[in-house]
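The structure is given below, and queries will be raised subsequently.
Should a chain be cited, it is by its letter among A, B, C and D, assigned in written order, with residues numbered from 1 in that chain.
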Amino acid sequence: MQRIGVLTSGGDASGMNSCIRAVVRKAIYHGLEIIGINRGYSGFVDADMGPMNLGSVADIIGRGGTILHTARSKRFQTKEGRALAFENVQRFGVQGLVVIGGDGSFTGASIFQQEYGIPVIGVPGTIDNDIAGTDYTIGFDTAVNNVVEAINKIRDTATSHERTFVIEVMGRNSGNIALAAGLAGGAESILIPEIPFNVEDICKKLLSGIKRGKLHSVILVAEGAASGIEIGQEIKEFTGFDTKVTILGHLQRGGSPSAFDRILAARLGAKAVELLMAGETNKMVGMKAGEIVASDLSEVIGKASPINKEMYELAKILSI
Amino acid sequence: MQRIGVLTSGGDASGMNSCIRAVVRKAIYHGLEIIGINRGYSGFVDADMGPMNLGSVADIIGRGGTILHTARSKRFQTKEGRALAFENVQRFGVQGLVVIGGDGSFTGASIFQQEYGIPVIGVPGTIDNDIAGTDYTIGFDTAVNNVVEAINKIRDTATSHERTFVIEVMGRNSGNIALAAGLAGGAESILIPEIPFNVEDICKKLLSGIKRGKLHSVILVAEGAASGIEIGQEIKEFTGFDTKVTILGHLQRGGSPSAFDRILAARLGAKAVELLMAGETNKMVGMKAGEIVASDLSEVIGKASPINKEMYELAKILSI
Amino acid sequence: MQRIGVLTSGGDASGMNSCIRAVVRKAIYHGLEIIGINRGYSGFVDADMGPMNLGSVADIIGRGGTILHTARSKRFQTKEGRALAFENVQRFGVQGLVVIGGDGSFTGASIFQQEYGIPVIGVPGTIDNDIAGTDYTIGFDTAVNNVVEAINKIRDTATSHERTFVIEVMGRNSGNIALAAGLAGGAESILIPEIPFNVEDICKKLLSGIKRGKLHSVILVAEGAASGIEIGQEIKEFTGFDTKVTILGHLQRGGSPSAFDRILAARLGAKAVELLMAGETNKMVGMKAGEIVASDLSEVIGKASPINKEMYELAKILSI
Amino acid sequence: MQRIGVLTSGGDASGMNSCIRAVVRKAIYHGLEIIGINRGYSGFVDADMGPMNLGSVADIIGRGGTILHTARSKRFQTKEGRALAFENVQRFGVQGLVVIGGDGSFTGASIFQQEYGIPVIGVPGTIDNDIAGTDYTIGFDTAVNNVVEAINKIRDTATSHERTFVIEVMGRNSGNIALAAGLAGGAESILIPEIPFNVEDICKKLLSGIKRGKLHSVILVAEGAASGIEIGQEIKEFTGFDTKVTILGHLQRGGSPSAFDRILAARLGAKAVELLMAGETNKMVGMKAGEIVASDLSEVIGKASPINKEMYELAKILSI
């Protein structure tokens, strides 16, 4: 292993830059060369790539997003596209690949590895924390902190006006962001795709809270569970309360990464380089029970990453 | 003047608490008593009010929202409602009133003063910065900083994905928040109700930016100018760009007040007490050209507060 | 178990309030009564305590510090002081005690339990993360984020002036804060008490960095390893560089708790109540390998909590 | 005027980058060329300078510090040094100079202009807000917000431990940062060089506050007024209170600029270019009474910028 390629793929996540920095510096520390591939598989197909050095990653540790950019590539999903990517692998002398992204990105990496034999290591980078094989994905902690900060601000106005607020958060098919931010932010109800819910029950809880003197309520809705706007409408109809809806959208992704995400990103990125150096392939690095570990990509791709039910129950108990 | 009442009314704004603290402490410093009226004119009508002391305002200087709460009151708009409020004025011995709020709140205060002769002083507290007679309203600086912070986060993801983002911000009929945040955040285009705009021109600017190598664009839309969702749709249709829309909503209002808002709030609140002590009435305090001044409420209510055209032109020049 | 007492002791840590809230709400959820004890063991001796309800913990989830206050108590270290505390236990009907604090606080709890048989459960709350039996203590993640944020700001000025900065951080005898913040903040060198260091080596690294084009350097010093001021002086003498020193001090403790600390605090607080309800005593709750677990206090008190050597090596590799 | 040079000099201030961006973009908008001079007058003497374009200032609007770096230059204080700088003026075809900095930087600019006739315009960039001819300098609002944020965090721990905290802040010979941050942060006492103070009086106020039930106190000390460590020692001796000292140091300078500083920087930078285009020289741009104005450098250099006494009195009244 003399030259490693690195790319970010899928939705951007805060901490991806800290991970790129770790991959580059760890590789250079061990005397390897490193090729940065821009715009995910799209740049891989288009040869939008080039050498990186220590200076390429100076001053990026604290910046959100990814300096390598990211994109969805339809062409890499075709045999022709992947053939072009392999040409670029040969042209740039890439002998191993670090792919920072989510489930879809790993699927692409796995197929490419099978077709062309180039070693690939996946690093879980997505705010959704929905990847099997790791307790945390890069970007999740920052996203949860972004949501908690937004809840804090909205709670100021909710308290002042004695209103009910519905906040829709990201997470695709996963309720992880909603659950963690809801527990951390003290949300009165948390609606996630993993647990059936009933708007009538939520409204009854709201009404009994009001009776007990609660001045406001915050309902967190995972985008995979329901539409915040529809839930807001239903609550308004049932309770008659002045109900406002906020859809946090893409601001959840950005911002300077949290310390937790930076450390996770550094450890995972360095481990990915170690695995390539050790001749491994088709693995994903992850953090399980506090340890940095490697799983087979086949055990990760398409596998469910269940929510923590104990945390869900706790959130319910603490929001009485 | 022995006893002053204070209330917050209309939309909450960060810094209202700093202002309440200043009113209470300034009054107590001069040996006055102070009555806090909860939930705006609603609590005034309902006698939801009571004495405040130094301890009532301990530890609130840095908290968003308003500890006195705020509400819209339909009853205070009726003669009967105001008669009830006057009964409470007599019952609680209130001899002067400080009203922290916006245009509608001042209208109510002015009518009440004319009917019952009780001295009133208005303090401009609204994130919209749309009040004549003051260069800045309490809450505006914090709201603009909230929007700029959101732009920063969205720009991380916009850059990573090379996307166009439309961000809808508050301001009711005013473009002040959009203009200030757009200039501070480096938005590519700013759509405000005070200046006619044309989506085609915006799109052409986007396209020429892309040609020149710009990787992303942020368009700021004041809620009074257009719907962010509609503008996003039109841009997508015209340019074919992957265009995302974020509606910041109520998180703009909250959060710990900025230093600027805290100082403004302290100065305005103290001045309001001074005016009541000096026998003044029907005035609004404000900051004009760096000085704390008083205007007649009649010169303020319903008057336009034009945007700074020079800043608008500057924002255009700097976003080339 | 009908009535539980809760206190915070030792240095305050952000997230203690989230933990108090969890203890109170979890207890009330299960029909228990809860007594809040103010100012740590000091209030325990002085009967500065009283019942808490749902309202006592409203709106505290996001506030730094501890609403129960904390203090060091010399009297509780005496037999007489503990006898007074036991009188208060009887007077207030306290049947079990949750102690949120660090090593010293657990020692006091353990002695008290042995002498009077009252069940006690410890919850690790200290920014230092130096407690055996848990991977994380409440307040550590927030403190590390505070330090990283300070590094970010100092790096702006360090880069602009091309200077070397020495930043002294807290941690008493532990290098955990320095190590985590140094890895997350990209510090050029990290000085901790667990690992011998040599200022000459640090200076040589600085000089070779400058040669390679580095414009600035940040050195993190754990207070238990050395004095920041002395290290700054030595570096200045050896290298001749314009070296500035910042001692972050108590601002590391405060601020709204991070999402991670809030969730950890909620889970640990709830578990402490569960243990008391299950008839347990002399335990500390903690998070090990992602799970909430209980350890015997005797296995925790006075035990070393070693740093993560792998992380230390990684920080060195990434700061080349 | 075809080609303008721009440099930053003296202590760095957050918002300098927003100002550089405005100078560059405004100049390019009007068809001018722009030369960036690195490391202040030091780079001017050493020819460390080169052309800037739109891309040079992409993505810097929200970054603290200055991309042009800054340094103190002893050589520019000599005739020989300035002769070298003039050679570089001729070599790079610079026809006008924008100097972003403080009093010392303007002095250098003024002498250079007198000796070599090259038009110079000063832009006030310093966190100290101690420049005559402008109500605000670039970086002041951000620095004050940084201090207020630190006060917030320290207050959490101060309240929890019922302690007295002394916080030393920057400002050189000016009390402006201490005064603004003290008023905004609700400090119990503010020690500034412009107003005589007496530690005994401060202690008596502390003691009477404690009697009245205050749980903690925060004393702000401007570095130009006294040493925080000495004041802390004196308070401890007089009152016997557990008194902690924090010296905020360089973290006050950095961080992403506030919206206020970004807007101020944009307006001042653009105005500086306009003045050069209009054939003006030896002026400083500033904001007076909300308007962007120009003053003669001779009326600015060495002139006192008095504090706002009304604000000082208000801070005293509100801290009863």
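In this text, a residue touches a chain if its C-beta (ideal position, glycine included) is under 8 Å from a C-beta of that chain, and two chains touch if they have at least 3 such contacts.
Computed from a prediction, not measured in an experiment: that's the story for all the values here.
The chains that touch chain A as well as chain B do not exist here; no chain meets both.
Steps from chain A to chain D, taking the shortest chain of touch contacts, total 2. After Cα superposition, the angle needed to carry chain A onto chain C is 180 degrees, rounded to a multiple of 5. Distance from chain C peaks, on a Cα-centroid basis, for B.
Between chain C and chain D, two chains of identical sequence, the interface residue sets overlap for the most part, with shared numbers making up over half of the total. Rounded to whole angstrom, the centroid-to-centroid distance between chain B and chain D, based on C-alpha atoms, equals 28 Å.
Separating the CA-averaged centres of chain B and chain C is a span of 39 Å. Put simply, the C-alpha centre of chain C and that of chain D have 35 angstrom between them. Shared interface positions of chain D, i.e. residues touching 2 or more other chains, are given as 152, 159.
Because contacts link each chain to exactly two others and close back on themselves, their graph is best described as a ring.
Chain pairs recorded as touching, per the definition above, are A-B, A-C, B-D, C-D.
By the touch criterion given at the top, residues 18, 21-22, 25-26, 28-29, 54-55, 59, 61-62, 135, 141, 144-145, 147-148, 152, 159, 180-181, 183-186, 212-213, 256, 258-260, 262-263, 266-267, 270, 288-292, 310-311, 314, 317-318, 320 of chain D touch chain B in their complex.
If you check the complex, the residues on chain B that touch chain A are 8, 12, 14, 16, 39, 63-66, 69-71, 146, 150, 152-162, 165, 215, 244-255.
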